[in-house]
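Remarks on the structure that follows.
Chain nomenclature is as follows: A, B, C and D, assigned in order of appearance, with residue numbering initiated at 1 for each chain independently.
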Amino acid sequence: MNRFETIPKTRRCQAFITINEPVSSGLIRLEIEVDQEMDFLPGQFAMLNLMGPRKRTFGRPFSILACSGNRVEFLYRVVGGGTGDLAGLKPGHPLTMLGPLGTPFPAPVPGQPAVLLAGGVGLPPVLAWWHRFSRTDDRAFFGARDPGDLPWDLLPVSWDASVDAQGETPVGRVAWQGLVTELAERELTGMDLPPSMVLACGPIPLLEAAGRFAEGRGWDCFVSMEEHMGCGYGACKGCVIPIRSDGQPEAEGRNATCCQEGPIFRAEEILWKQIR
Amino acid sequence: MNLPDWWKIDPCEPFVLGPREFPGRIWTASGCFAYGLTGHEISSRGFTSPYEGLGAVVSKTVTPMARTGNPMPRLCELPTGALNSIGLENVGFDEFLASVLPELERRGVPTVVSLAATRPDEFGVMVAALQMAGADYEHWHGVEINLSCPNVAEGGHDFGRDPETVARCVAAARKALPDRALLAKLTPNVADIASLAKAAAESGADAVSVINTVVGLEVDLTSGRPVLPRRYGGYSGPGVLPIALAKVDEIVQKAGVPVVGVGGIGGAQDALKFFALGAEAVQVGTAQMEDPFAAARIAADLSG
Amino acid sequence: MNLPDWWKIDPCEPFVLGPREFPGRIWTASGCFAYGLTGHEISSRGFTSPYEGLGAVVSKTVTPMARTGNPMPRLCELPTGALNSIGLENVGFDEFLASVLPELERRGVPTVVSLAATRPDEFGVMVAALQMAGADYEHWHGVEINLSCPNVAEGGHDFGRDPETVARCVAAARKALPDRALLAKLTPNVADIASLAKAAAESGADAVSVINTVVGLEVDLTSGRPVLPRRYGGYSGPGVLPIALAKVDEIVQKAGVPVVGVGGIGGAQDALKFFALGAEAVQVGTAQMEDPFAAARIAADLSG
Amino acid sequence: MNRFETIPKTRRCQAFITINEPVSSGLIRLEIEVDQEMDFLPGQFAMLNLMGPRKRTFGRPFSILACSGNRVEFLYRVVGGGTGDLAGLKPGHPLTMLGPLGTPFPAPVPGQPAVLLAGGVGLPPVLAWWHRFSRTDDRAFFGARDPGDLPWDLLPVSWDASVDAQGETPVGRVAWQGLVTELAERELTGMDLPPSMVLACGPIPLLEAAGRFAEGRGWDCFVSMEEHMGCGYGACKGCVIPIRSDGQPEAEGRNATCCQEGPIFRAEEILWKQIR
């Protein structure tokens, strides 16, 4: 994987909420202020935990959307207890943050356009990469459940959107119905593209499809993987992903920590069949 | 922090345990801070590193051969702590000796090496190799033999629940370890932990580490099945604190064996409870996962 | 409440346990609802009484002679539950037979009588007397023999930790109890609870109640001494739930003995976890202290 | 003990805070609204517990100060975790209440004046008795740490106040320096009182002194006892107080539950030497 010269230092910070507001029917934008200046690379994440009586045993991993000075931004969806608690909180509520953590998406390679694919809460790392690195020939595709679930204000106008089910869209914007990988396939097939690089984040089926999509073209593909995490910094071996060990047959894979060796992996490394 | 009147020691001062002087009494527990090498790049206000003030890092348990561990999910968060079923995933003893231990020495991490085996004599063999490889190491202070992994199925036999087996393992390790501290980590999943501690001490352990995780289970309500593929996991965190305190007290009162307290420590006050009962040192496990500075903060808080 | 798909039974329907039909599967645990007579004057929205929907009240354990119990303090609240060291304070078996049991019958409280003794044959004597006195009672459904009080010091011997003692106690009780259910309440403070359950079942117990409290200790930071005068207490509440689930599962899986699950149940979801593992019924202990309607609420929630 | 015809029914209620405000340097007035109409007798208490993530294993016992319709009032002091949490909450916060619980102070006996003694947070049951039953020849004495600790607005003007240490008092009001029992002694000695009844609530030394004070005069004395409680309704035997069993020598006392047989006891019943 393309390595950056320097990976930003991981910090354990006290923080408090500055913004915690819905940006679509399913996505909430969270901005926090931390006690140190922070930096990150797109694809990296942070572990967040509440302070006070709602503190959990483990933090929760969230991809970093943006960061400037002491402010860090995330996008999240309520799926269970931790995110449910978070959604109920007002600006000022204290929390802790450990981050940035994990491996980033690779930096752009000159002459190699990027194809970005994101689904649902897979948006932040892909959008972060876009804001930091995108060039005119990079393309991005984003899928959501329905147009109401699309955070239109955050989506660059050049992005193509897809939805599982149709609904109203803002004036001048459209969403294609179908899978985001199908949309990319449709849009890119027949175009005479140079070898490109695919960056994907979203549900497992999307990532696997992204891998197949790239493989069929002989392109590089990097995916952001998710696993349940305990520590987020390689301390507990609780978040392993089965990957191909170099030069070994598939059955003899090894475990990689999603939090430290990932969350960004080459799609071809992953032993998809062994993923739950 | 307001420290109680009876608290007189500085946990960041050196203290002697067996044949060895340790730099301090606040340690990290095995399996919750990797091999002790993942924390170097992390910063936090008021600390130079997560290692500040630590008396030792007990490295993740290594076994004679590398292990891939248990299937995912391996962790299950609970309102009162967590269950884990990592299954002793580790790089294997040889790789540990070749790559990990030298790096710990190079970085000056005070280290206790945690070892597990399935037969008593294997402990002797591993310790002997360690003794050779680490003969000149300054920061390697001792060995903790892990006699208590409830989540590794070894044909169902209760390794480490029987005083005689404990004695044999400890004796084998002691023979090969003349000048470093030898600790035996005991399982709490027994009726009489004091007799295990006694057996360990009589066979040459300098102290016992108490407790390892408690056998626990969580059910996924949707499926009605255990969350962890192997059904049982090791329960740790705040919910085991009262159990750990009772086990430590039983050993101190009934067996008079030096104890390193571990189980449910989340902050300085929890650590103090173990010291109040007579523990020589304490280890921070689960709390170190959520906050790499958990042990360092406790060390800072308790040195007043 | 959203009930999972696999949940098919109504816990407020009668079910058979041993020779007896119980009116339901949600019970209160011994020692946490007195003798079952203190709740009658309490009301709460949506309930006629705390007894609504209950399958049984397991009465506070009685011993052959009255006991004054342990010195105060007897309770110690913890962030994850509580420690208790009541010390089996009770009115004594004779007084229980003379005044308490008739009143339970008169009020129609479905009752399981909890008994403790220090010698196996005493169980036989008590059960025989109970059988005589209660021969015509309709609401007395069975006996739970308490083999597991970790906080009563009886010369230090581990009553109820040994399968043979368990077998002898159960056999003595069974002989005198032809037509009511016989339950054996087991201690979790052992390495192998399945063998205790097996011993109990083979000697005639219709089910085992699992778990009693876990040995725990809390330190008072100001004094540096244990909070409870007897040092150790019985740990109960949310923090023991994963332990209770593991113990129940061990018994179901390894011994195949019917189980009444108890330990850490605070709401319907906790109770469901025991049923998912195969428990026949459940008991609510500590939660019943904070809310006299805890068990009744669970019964209501689970009957959909 | 004088029995009331009917003891109000105990209720387990959902409730929320309506008032939670300091009335002196050390005392906070709490008013809650419960989901049923409530009644109580002075001396009875309720178990309160917070709902949500700050819920404790056990409720906390507080004497009932007043009650009308669905509103119940308490006075409390912050001493530890539970009361500390309570003090931080705003109106609207949900809690649970189990009450009224325990035995009340006896009703007044015609021709037998009452002498009320209270110290610190012992105020509520005594004040409740005063508001419900007091007659012109009843006297009340209240002790606090200093004048700032006295909830002047709540104290009837006819009450005598004592303090451990002097300080400023509101215009027209005074506080005598010394123990409240000494104040009562001073005020009542030499007066030609008919046999009276003493009702006391406060710290153990105050209760014991109240007992001696009454005993020396051959008067009845009722004290409100405190013990750590688990259930509050006689279910757990966690709150016992050693009392004289009828006709038995002192050493052979028995345990009475503070929550059910108490909290109001005859002072002469209590085995004071066995109280921690």
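Methods note: a residue touches a chain if its C-beta (ideal position, glycine included) is under 8 Å from a C-beta of that chain, and two chains touch if they have at least 3 such contacts.
These figures come from a predicted structure and were not determined experimentally.
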| item | value |
| --- | --- |
| Distance between chain centroids, defined by C-alpha means - chain A, chain B (Å) | 35 |
| Interchain centroid distance [CA atoms averaged], chain B/chain D, Å | 50 |
| Distance from the mean Cα position of chain D to that of chain A, given in whole angstrom | 60 |
| Chain C, residues touching no fewer than two other chains | 78, 81 |
| Touch-based graph of the chains, sorted into line, ring, star, complete or other | ring |
| Contacting chain pairs - touch in the sense defined above | A-B, A-D, B-C, C-D |
| Residues on chain B engaged by chain A in the complex (per definition of touch) | 31-34, 38-39, 41-45, 60, 68-69, 72-75, 77-78, 81-82, 84, 86, 89, 237, 286, 288-293 |
| Chain C residues touching chain B - in the complex, by the definition given at the top | 4, 6-7, 78-81, 83, 158, 161, 189-192, 214-219, 221-226, 231-232, 235, 238-243, 245-246, 249, 253, 269, 272-273, 276-277 |
| Footprint of chain A on chain D - complex, ascending | 52-54 |
| Touch list for chain D against partner chain C, complex | 9-14, 35-36, 47, 49, 56-59, 96, 98, 227-231, 233-240, 254-255, 260, 276 |
